[in-house]
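Below are two complexes that have subunit A in common, paired first with subunit B and then with subunit C.
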Partner chain A sequence: MSTTSQGTRPAKLAGSDSVPKSPRPGAVSRQTRRTAYLMLAPCVIVLIVLAIYPMAFSGVLSFKVDPLYNPNVARFIGWRNFEDLFDDFRFWQSIRLTVLWALLVVSIQMVLGFLLAILLDRKMRGAGLLRSLIIIPVFVSPVAMGLTWRFIFEPVAGLANWIVNTGLGLEKYSWLSHKDTALSTLMIVDCWQWTPFVALILLAGMQSISPEISEAARLDRIRGATYYTRIVIPLIRPVIMVVILIRLVDSIRIFDLNFIMTKGGPGSATLMASVYDYTIFEQGHLGLMAAYGFLILILINIIVAIFLNTLYRAEKSARVADAN
Partner chain B sequence: MHQTSLGRLINVLAIIVVALWLIPVAWVALTSIKPTKIINAPEPTFYSFTPTDEHYIEIFDRFMFHRAMINSLVTVGVSTLIVMILALPAAYAVARMGLMGGDIWALSILSLRFMPGVVVVLPYFKMANGFGLIDSQLALIIVYTAFGLPFAVWILRSFLLDLPKEVEEAGRLDGLSWMQIIFRLILPMARPGIAVTAIFTFVFSWNEYLFSLFLTYDKATTMPVALQKTIDLYNVLWGSLSAGAVIQLLPMILVVFLLQQHIARGLALGAVK
Partner chain C sequence: MKDRDIQAHDNAMKRIAHHRKGEVSRRRMMQTSAAAVGAALAADFVPKTVHADVGGTIVHFASSGKRLANSLRAVKPLFDKVFPNVTLEVVSKPMSEALTQINTYMRSKSDAFDVITQDHAQFAALDAMGALTDMGPYIEPFPEWYEDYKQDVPQRYRHMWNVPKGPAPPGYVAALAPDGNAMMTFYRRDVFEKAGIKVPVTWDEAVEAAKEIHDPEHERYAYCAAMARNFWAGYQFYGILRSWGGDYFADEVNGDWTPTIESEEGYQSLRILTELQKYAHPGSANFGEDEVNQTFAQGHALYSPLTWGTATLNDPTYSEFHEDWHMDLTPKGNTPKSDHRALTGGFGQFMPTWGGNRETAFAWIKFLNSGDREDLDGSPLIADAIVGAGGQLSRASTLSRWADRKPFFVGLQKAYPVCVVNAPVIPEAYAIMGAVGEEVADAVNNIKSTEDALKDANKRTKRIMEDSGYYD
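This part shows the complex of A and B:
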């Protein structure tokens, strides 16, 4: 690296000589811009080859029939894959389930996360330690914890059943293999993992509120719930929006936990989009899998667009209300 | 600060909530040192058992977990290094060099982070198949590089934007080249940001499952996929599973304490500091 920079040094010297003469501050010489593009190029090339190209490849594949176990018969079939999906009631079921899942878990996690953030927003000794401990679930792999949770919900030796049995006097139950409880069990695990994520980010937002503001609120005797609804939430609204957005997208994409804990079962009670897409792969319909993958991408974009649009309207009407 | 009794009560509540929240993590650690008979008993045992290392021995002897550990370390370590080498100049270019549409470049790169894995895993599978790279560390290194890069560029950019501009301007007046400015001036100042970015990049790939599931089956499997092999249709070895899970989790607990106050910033993609 040092040899290249030595080698180009005379040219760079000439370039930087012109900097003080530049008429506007912040104006960039052509040389600088060229260097900037050169520095950006390796990263962009890697992303084009490894992200954009695969996506385009998937796009092309979605118009083909391409059986995994018999690649020789691969050929273009137009919109057939998409038509097949739209005719498949399990496809619509998985889309409905995914949207329901995303809305429910994100709402629960936002509410619980906010409460948890308030609880941790304290100036006690060891508060930093508590914050470090509570975030551990976010950093553990969904596979390791998904399997551990399966053990916890195990019908005979599981901890959850022992608590339900001795604590509440209810019968032991096979949580993950009944279709009325499998989805809610999955939700419990997802909320366990991601509520701390929401809490920690909201907490960081709360702590960026300037002491003058919270002091003024205290002097005005604004306390408790009023303090949080009137002062905190409006101030950290941008942070709240970012958290909702990240969680929405990640919930729609969910694969690991869903796959590890239920594989979409029992029946199709927890068959969400990404896992359903995987089962199409297992059946060997590569074209169909690519088509569904693309529809998931579109679904994410639609939900994000709706979210941002509603947000924009709400902000606008709030501003109008303020003006009146 | 004046502590009211209500305040003290809330402090205690906070401690209790955090303790309850971590029960599953404690449970997996406890299970990993319990004898199998006690693990499978209908009544859970909390402390009255003789700790055993049988599951740790089994996960290495029978499931060859050390191979998965090495695969995880190599693929995640090497890809993190490549990501950082590619991301640093790119992040600097979009943050500081007055690139036209620098923010748009940065946002477009970030948007790739939200791509569903199932959309790209099939092309990866086909490409790896075509190059004979199925079940190789190289395939995972390449994929994890692509997978980590968008986040790394975005978050590094946010750290670089925090640095004072004056140092670089002085450097330019002294006639340093851009590369010299980055390596001699920026690198030392941005060290915490670079470390945080590298750790996050490492974590995401360390826990990654879908790509490893598609691209490896035996020689190159990483820990998340290897863990799942303790479970087959008829028999679940909860003890071995827990031992493997603990081995996979331990570095992450270290990571949490290393990242400290930077955690929220990384998780929120730079939206909070």
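This part shows the complex of A and C:
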């Protein structure tokens, strides 16, 4: 007993020295692993410096009073920045407007983009040129675009009111400077810029549908709206979901257009989340700004999670239906 | 002297016209035109003394535009002649970003700039950040020069640039300011004369005058002011509040920091602002000062009882109504505490703590702030370059010299003796101005009631002051 425990090796291992060791499937050598880490390192360092550290810093900042204008009074205040935000009428106003904005502009862009994609999917002369032209708004700098549209919607001498007044004989509007019209005017501009993007992605989806399917539908006399609702939309559903996701996240983060055209005004009529957060920064409340930044991040994550969950469930039920 | 000024100005305008023919951006053209004004003046400039012993590179940060960065660019060709071994670089950003950016630079102790032009309302914050340099030791070798400066720049205005604040005597000189400004009444004299009305003295008269001249059918709106949310609306409110005898705090001078925005004066101020909106240019709810000035220049707005405005309105290249725009004191309220109180601001030049090349930086600041006396290294051409580029002045002598061509300067001359500082002189001023401005903008746009807006403005001001430990 004692002999075995002190020195004798089990019989099946005794001869193992003579047998060459074969690596476990999927195992990597230390050398390979080291190379992999080295190659990953620059990326990880950049990520730490540009994302993780600032996020951690913001996290700490969100629990502090730290005025930009007076660093001498900086101190930890616990959850108070978050409490102040929850008590703030403008915080809720900005969240409400941001969610409303995201839902409305994405819905409008999806509907218009889909109709535009149908139009572009037809075989017609000049379709290629048209496709190239309609994508132009996507590439226009948001600042240049915002300024241009601001001039167009200028209430006295702007083009929009000239058309409305001289062309249509209607009363002039204070497009961007009245609380009831400012947000919808911003929506018009956003839709002008992003609908072509949505249309082109959807068009790419439509053109990936096999011609056999289209042909079969045609033989079965499935045409018009039925063709699109029964054949096209189910087939390009993953593409639609991705476009919605991209546009939804982009819309929640809206800043440039909002800032250039109204700065959140008149009053707080177009005060969306990012512009309000920037206003808080302008006023020097760094802690409050960081707290709000985190809340926006959480909001985006909640919406994305809900969306991805819905997408996953829809895909799952579609697969079950296909299998049956 | 005047003939030579006019000739230099005409030459500069020809150069501008030449540039306009080329393919240049508007901003580039404005910068070039400013430099052209200076170059035209420098062509005739023979400095009495050339300081070849001073050298090095200095970087000066200022808000972009005619009044600030372009004024510096206009003076540069003159400075280059006096200081041939100094390389001066002017860096500029739009004002809406520059004010916050300067604070951010200073908070991070940036050494990128040797001289910075900053708005007066930020100086208490700069002081709290330790960003200001006492200019005393740099001024000391030039007692005669400084005496001339002191005699010429109105004391009320000059003392604004001293820190720390408090009852007299003021602290050290933190900045010198060739630039000056005040919130004034801007009115089209031709329109007022035609309507047979005088410049309003009280706020109620101002509302009546606006009602009288309002002509929306011909796209001529009576009233226009910067009512964009945040600090622009804050300035509008504060200007009216002061003229009613109110203030943000019970007693700033003696340290009673109880907010008094929710008061009879506050209510009257907001009432007046709301009344005036009936006659406002339809875009003004989102306007900053630039848009207000453009609207004045285009002839779409005729009157503002209280605005920062610009001397450029009297420039024939900027507005066809340049001769019609006149400036006067702001109205006052109807109570015994009321008075004409012009909010006075302006931009001062300071040497940031972390900047370098101090002697050269001060030489540049001193040059910019010099008067007309050539025996003190000054020259009338310095002020001419600033005015030619679109700047506005703090020296009384140069205001007088240009008064017949710039009614704006007549307004400034009236305003300086009754001026009050444009914001509470505390680091929190900008934050408070922004918070109150948000409430005011909401009230004026019917998003909140007047009572709620005043109550919330008071509450937010108190919170800002609490956070800074004023009530501990």
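We take it that the second predicted complex is superposed on the first by the 272 of 324 C-alpha atoms of A that agree within 3 Å, B and C clash if a C-alpha of one lies under 4 Å from a C-alpha of the other, contacts with A are read in each partner's own complex, and residues count from 1 in each chain.
By definition in this document, a contact is a pair of C-beta atoms (placed from the backbone, for glycine too) under 8 Å apart; a residue touches a chain by one contact, two chains touch by 3 or more.
As the structure is a computational prediction, the values presented were derived from the model and not from experiment.
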Item to check | Clash or fit (per the criteria above) of subunit B with subunit C on subunit A | outcome: clash
Checklist entry - More residues of subunit A in touch with subunit C or with subunit B? => result B
Next on the checklist: According to the stated criteria, A:F281 is in contact with first (subunit B), second (subunit C), both, or neither; which is it?
Outcome noted: both
Checklist entry - When the two structures are overlaid on chain A, which partner does A:D84 contact: first (subunit B), second (subunit C), both, or neither? => result second
Checklist entry - Is A:A157 touching the first partner subunit B, the second partner subunit C, both, or neither of them? => result both
Next on the checklist: Let me test your reading of the model: by the given contact rule, A:N70 touches which partner, first (subunit B), second (subunit C), both or neither?
Outcome noted: second
Checklist entry - Looking at the overlay, does A:S174 come into contact with subunit B only (first), subunit C only (second), both, or neither? => result second
Checklist entry - Between subunit B (first) and subunit C (second), which, if any, makes contact with A:G264: first, second, both or neither? => result second
Checklist outcome for this item: subunit B stretch colliding with subunit C in the overlay (listed: 26-34, 44-52, 62-70 or 152-160) is 62-70
Checklist entry - Where on subunit A do the contacts with subunit B and the contacts with subunit C coincide? => result 154, 156-157, 281
Item to check | Touching residues (chain side subunit A, partner subunit B) in the complex | outcome: 1, 4-5, 8-9, 12-13, 16-17, 19-20, 26-28, 32-33, 35-37, 39-40, 42-44, 46-47, 50-51, 53-55, 57-58, 61, 116, 119-120, 122-124, 127-128, 130, 132-145, 147-149, 151-152, 154, 156-157, 159, 162, 192, 196-197, 200-201, 203-205, 208, 238-239, 242-243, 246, 249, 252-253, 255-256, 259-260, 274, 277-278, 281, 286, 289-290, 292-294, 296-297, 300
Item to check | Complex interface listing, subunit C residues touching subunit A | outcome: 100, 103-104, 107, 122, 124-125, 128-129, 219, 221, 227-230, 281-286, 298, 300, 427-428, 430-431, 434-435, 438, 441-448, 456, 463, 467-469
Checklist entry - What does subunit B use to touch subunit A in their complex? => result 1, 7, 10-11, 13-15, 17-18, 21-25, 27-28, 31, 39-44, 86-87, 89-90, 92-94, 97-100, 105, 109, 112, 114-120, 122-124, 126-127, 142-143, 145-146, 149-150, 153, 172-173, 175-180, 183, 203, 206-207, 209-210, 223-225, 227-228, 230-231, 236, 238, 241-242, 244-245, 248-249, 252-253, 255-257, 260, 263-265, 267-269, 271-273
Checklist outcome for this item: Listed in rising order, the residues of subunit A that touch subunit C in the complex are 65, 67-73, 84, 89-90, 154-157, 172, 174, 176-179, 262-269, 271, 279, 281-285
